[in-house]
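Two complexes, one shared chain (subunit A), two partners (subunit B, subunit C).
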Partner chain A sequence: MESSLATPPAAPPPGGPQIPSNATKGAVEGSATWRLSDRIGLAICWALGLLFCAIAVAIAVYLFIQGIKYLKPSMLVTPAAAGFSEGETGGFSDAFVGTLIVGVMGMAIALPAGIAIAVWLVEYGRPAALARVTESTIEAIAGIPSIVLALFGTVIFSNTALAFLSRSNEGVVFGRSFFAASAMLSLVALPLIVASVREGLHSIPRHVREASYAVGKTKAATTRRILLPASRPQVATGAMLGLGRIIGDTAIIVVLLGATQNFAPVGGNFPFNYLRGAGTTLTNFVYEASPTGNLNQPQKAYAAAFVLLLMVLALNGAVDIIHRRARKVGTWSS
Partner chain B sequence: MDEEFSPEYGPRWSDKRVEQMLGALVCAVVGLLLAMIVTVLVRGWPSFAHNGLAWFGPGGSVDEQLNTIFLSGESGAHYVYTFHAWPLIWSTLLIAGGSVFIALFSALFVAVFVVEFAPEWMSNILQPVIRFLASIPSVIYGLIGVLVLVPFIGNHLVTEHQKASVAGVISLSGYSLLAAITVLTVMIAPLMVSIFSDGLRSVKPGWLEGSLALGVNRWRTTWKIGVRTARPAIVAGTVLAVARAIGEAVMLAMISGSVGFAPNPADGAIFIYEPSRPLAPTIVKNIDQLSSPPSNATLFAIATVLLFSAAFLSLTGWAARRAMRKYGAA
Partner chain C sequence: MTTPPPPIRRLELADAPPAQVVEAPVHSDSSLPAAPGGFTGARRSIGAPQFSIRRMEIDDVSVSYANRDAVKGVSLPVRQGEVLSLIGPSGCGKTTLLRSLNRLTELTSTATLTGRILLDDVDIRLIEPTLLRRRVTMVFQQPNPFPMSVFDNIAYVLREQGSRRQRKKALEPAVHSALDRAGLFEEVKDNLDHPALKLSGGQQQRLCIARALAAEPEVLLLDEPCSALDPQSTQVIEDLIVKLRDDVAVVIVTHNLQQAYRIADHVAFMYLGDLVEYNSATALFGSPREQRTQEYVSGAFG
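For the complex of A and B:
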């Protein structure tokens, strides 16, 4: 059984010339001659690989079924309301819009900052000690639990100097608003963007930069006119990955966006009154609507989770398309 | 369209100024991280100072202690800080350790499979599957855990007899170590697979070919040469996964049971059905107590522990990778 599974279906033509790059993969030593222990190992590989597929299919199919069963389009335009049954409590439009707001605002901070840090690391990077420290910093930020970032956010944004970014009451600053949550969420996305843009800049060969310097462009102009446009696919990939993390994060939202299910605008002009106020996102809604949360409306939790999953899948698809298009255009080395 | 006429090497965007601006931003980010470490430590210090090393030890009920701390802050008479976090730490160790242990082995096998042994059609399926699993938000894993896995464990796996045997101490309702470890494994394994397979792909083909030319079969070659060469990537992936497992707050708050109880291996088979609550979910569950100063200090003390274990982890990973630099692969 296992040996028949393990035989690669695409065997190379017998007697044909071997292409060197094919030598490790697909060149065709069946597992029939292996020792039993090795063949058991291969069987474990297959079993685990199929298990991963099965888990993914189970999660996707289950959420799709539950989502289609419970999601009504009206939920996306009806704000949440207080009520006793699932029929009376409205939808989750505020959460949906909140997710969009947090995504846009978080990326508005993280994308420029991430690109700037990557450019500095690759193109400038002096003094070398600072470059090393920066690399470790970015790595460390990637490893910090988001709940710790959230707690740190409460300290920063409860500062009276930043009172204009959230609600304050008799000198006590509430410190929870879209501004606070987005600022901290941008830190979650930052390492992904930096890593991706760095990879893009690294893949551009030296002679491209030298050609630009030779016609009298400064380093800054070269970066802006040549290097960044050339690494656009990686910038976009980093942005999509970062956005996925921002949309999917829950801990920072629960702590820094206030525990409401509706927008709570504070005084001020139109966009700012909402952005300064507390709010909610889909992740927070799913958390609160699950049986362990305060709302306990599992059906709506499924519906919201379905919407969230669709957004994440759309981002994944975007990354795929970017990759495929970039491969079609070709790289510098070819 | 000013730029068409003003030279780009002019004073406004001169190289020096751009370098300084970017450098300032970089310094700001480094400074932010330092400020975070200092702030969290300073805020949490009162809790450590009052308890000493007993902070990490066992003693009393954690949930009662948290409640007393909170109430003492509200009344304002005098603050109580007594806190013994062992059940939370033990739960973190069990859940993170268990899931990383399982995920490490399965991710290694799957990565080897994807890179070396899977037929083309299979790896074309597996790669998007792994990306999909890695990108599902943790709260969705939590929701599925709480609505599917937890009831299943509570209704089918735990017998009535087992429930009755510990009825006075703790209720076995399905919120359990088993549920937490299962879901956390599914969450972190894809992350490890993608980093491991990057490492395996960057092994120099010549090294593998050398082994194959000596008549070693593909399986042995992959494990003895490929996996060994990719050890730095394996360390890096494991460190990232451990950090994720320790820091996961919301998903575990949903399914770990949210009881400050230390599961006891001496209980035998029902050990894995016992509920608990790791460190990070404790912060989420008690977040509305931030307004009370002693609670605030206690929560920041927990955050300090998380922050320093994350820092310690990346330091260990860095040291391990440095020691393995001679193997060539990144």
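For the complex of A and C:
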């Protein structure tokens, strides 16, 4: 079995599956001399890599085709409505805005908290026992299914002490609102942000910190002016990954934001009447509009899913730009 | 120390022609005696110090990490007007001693220090660390400019802790003068806004020296500042260090005996945490008193 990735130009492979690649001449090492099991392993890696590329491309292409076919710009500004035909049921503007709201609110909690936790773990981390506990707690949160977080959220936000965060009726607290959903969604994003920022801080050599201390700077000043700016790409990566998880989560939305397809404002001043009320997001809309959901309008589900996909792709693009900009600033030789 | 040198140094190829011995060029302009004892360093090109003021006093200092003694009872003077070089094989405690001079050893939680270090007759333990570290600044082995512009690297030192309050204009003279003292200003004056990490290695290291000088220190510590650099950049920095000795007391740790011989006025040879010998560079390299020094400078070990 020959993979053309590593075939020396002098000895072309005698048959075997030819996997197209962008191998350049004078490749590093030929696999012709490898043991059979290693060559099979390499081929499996290649096959799996291509398979997953194919799956990702298939999803993207299919959604693009469906999305372009069904998405009308008017859907983004028309709220969903009850009706008997596709023409009467409107669009998903409330879901679109809802996604933006939970994204912004979730990140407003998760980003500062995540950065703070990562800085504490890497730069302070004392007492060591508390740091270890914090680390495993963050890992545990990362492992908890979001539906469990959602159920836990209902317990917290149905508490009468937190009645001001959602609708309440005769002393019974509804517990579903943008506040409740965003708070629990921030827990979904938090572990990703912490992990990414930690990685960024760890990648800064120790002597860089010491160089800052050695000109009389405190730990706080060093963190603020040197370490966090230096790990900006990882902060951004964590933020984008976290935001992607927030706007992609469905379980918490269904449980903590409501099964409605429209905003359901409660009393209060302008932004708070909406934020305290129930609502929806694109994921919730896709779920409900899919053939298994209550709306059963697959065409609009495709359109909404397409919008969601575009948002995630935009996030990926943003990460890419930030990393490219960081490369211009350069890094230390280790 | 009668251990024979490790065999790798004596490796002889059976069929190889005998090595050609080339006479080292003789500098007739130097008044210093050639170093005997097998030491073949380049001749010193610097003159004798014009003056010397005692700035720091290391008094019976021992440093230990957990259960390992890194520095054992070392006493040394650090003087402005001269370059003091700490030499010795790896792990001999010279870097630890250097780092204890501005209390950087305290960042290692297991390190304990006994003895006294005085800066202008004040025990450094009585000086607030951030203040001390502005008076005793340090340059590291790896060039480590901060990930910001050349200008901001220096301005960072001049500004109050994490603040950004002082405007660029107000800091300009001080930044320019620090870059100038490090001999970098002419090369970067048009590119002060460029990222510092895109400079060449030698320029980065001089920027780090400029950064250390911007705090207007009394003592400048250099921890093998040239070990990551090419010979040309090394020479530029060596010339710079010699030039700086009149303004600040310079302490340099180096693995490179030739370098110590070229730039140091006084040399302290450390071995396994002990200060074996402290003497003027010409005396220590020319006629070492201790046998271990003799063996080390002649390349028998290390």
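Criterion: the second predicted complex is superposed on the first by the 285 of 334 C-alpha atoms of A that agree within 3 Å, B and C clash if a C-alpha of one lies under 4 Å from a C-alpha of the other, contacts with A are read in each partner's own complex, and residues count from 1 in each chain.
Following the convention adopted for this analysis, a residue touches a chain if its C-beta (ideal position, glycine included) is under 8 Å from a C-beta of that chain, and two chains touch if they have at least 3 such contacts.
This is a predicted model, so every value here is computed, not measured.
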* Contacts of A:82 with subunit B and subunit C, given as first, second, both or neither -> neither
* To do: Considering only the touch criterion stated at the top, classify A:32 as touching first (subunit B), second (subunit C), both, or neither.
  => neither
* Between subunit B (first) and subunit C (second), which, if any, makes contact with A:48: first, second, both or neither? -> first
* Mind working out whether A:329 is in touch with subunit B, subunit C, both or neither, as first, second, both or neither? => second
* Looking at the overlay, does A:216 come into contact with subunit B only (first), subunit C only (second), both, or neither? -> both
* Structure fact -> Comparing subunit B and subunit C in the superposed model, the one touching more of subunit A is B
* Asked: If you stack the two complexes on chain A, which partner ends up touching A:100: first (subunit B), second (subunit C), both, or neither?
  -> neither
* Where does A:108 make contact in the superposed view: on subunit B (first), on subunit C (second), on both, or on neither? -> neither
* To do: Classify the contacts of A:207 with the two partner chains as first (subunit B alone), second (subunit C alone), both, or neither.
  => second
* Residues on subunit A lying within both footprints (that of subunit B and that of subunit C) -> 216-218, 220-221
* Asked: For the complex, which residues does subunit A have touching subunit B?
  -> 6, 8-10, 21, 23-26, 29, 31, 33-34, 38, 41-42, 44-46, 48-49, 51-53, 55-56, 59-60, 62-63, 113, 116-117, 119-121, 124, 130, 133-134, 136-149, 151-152, 154-155, 187, 190, 216-221, 223, 244, 247-251, 254-255, 259, 283, 286-287, 290-292, 298, 301-302, 305, 308-309, 312-313, 315-316, 320
* Note which residues of subunit C are touching subunit A in the complex, please. => 102, 104, 107, 129-134, 137-138, 140-144, 146-148, 156-157, 161-162, 195, 197-198, 201, 208, 211-212, 214-215, 221, 228
* **Complex contact set, residues of subunit A against subunit C** => 205, 207-208, 210-218, 220-221, 224-226, 229-230, 328-334
* Can you name the residues of subunit B that touch subunit A in the complex? -> 8-9, 13-15, 18-19, 22-23, 25-27, 29-30, 32-33, 36, 39-40, 43, 106, 109-110, 112-114, 116-122, 125-126, 128-133, 135-140, 142-144, 146-148, 186, 189-190, 193, 205, 208-209, 212, 217-220, 223, 239-240, 243, 246-250, 253-255, 258, 280, 283-284, 287-288, 290, 299-300, 303, 306-307, 310-311, 313-314, 318
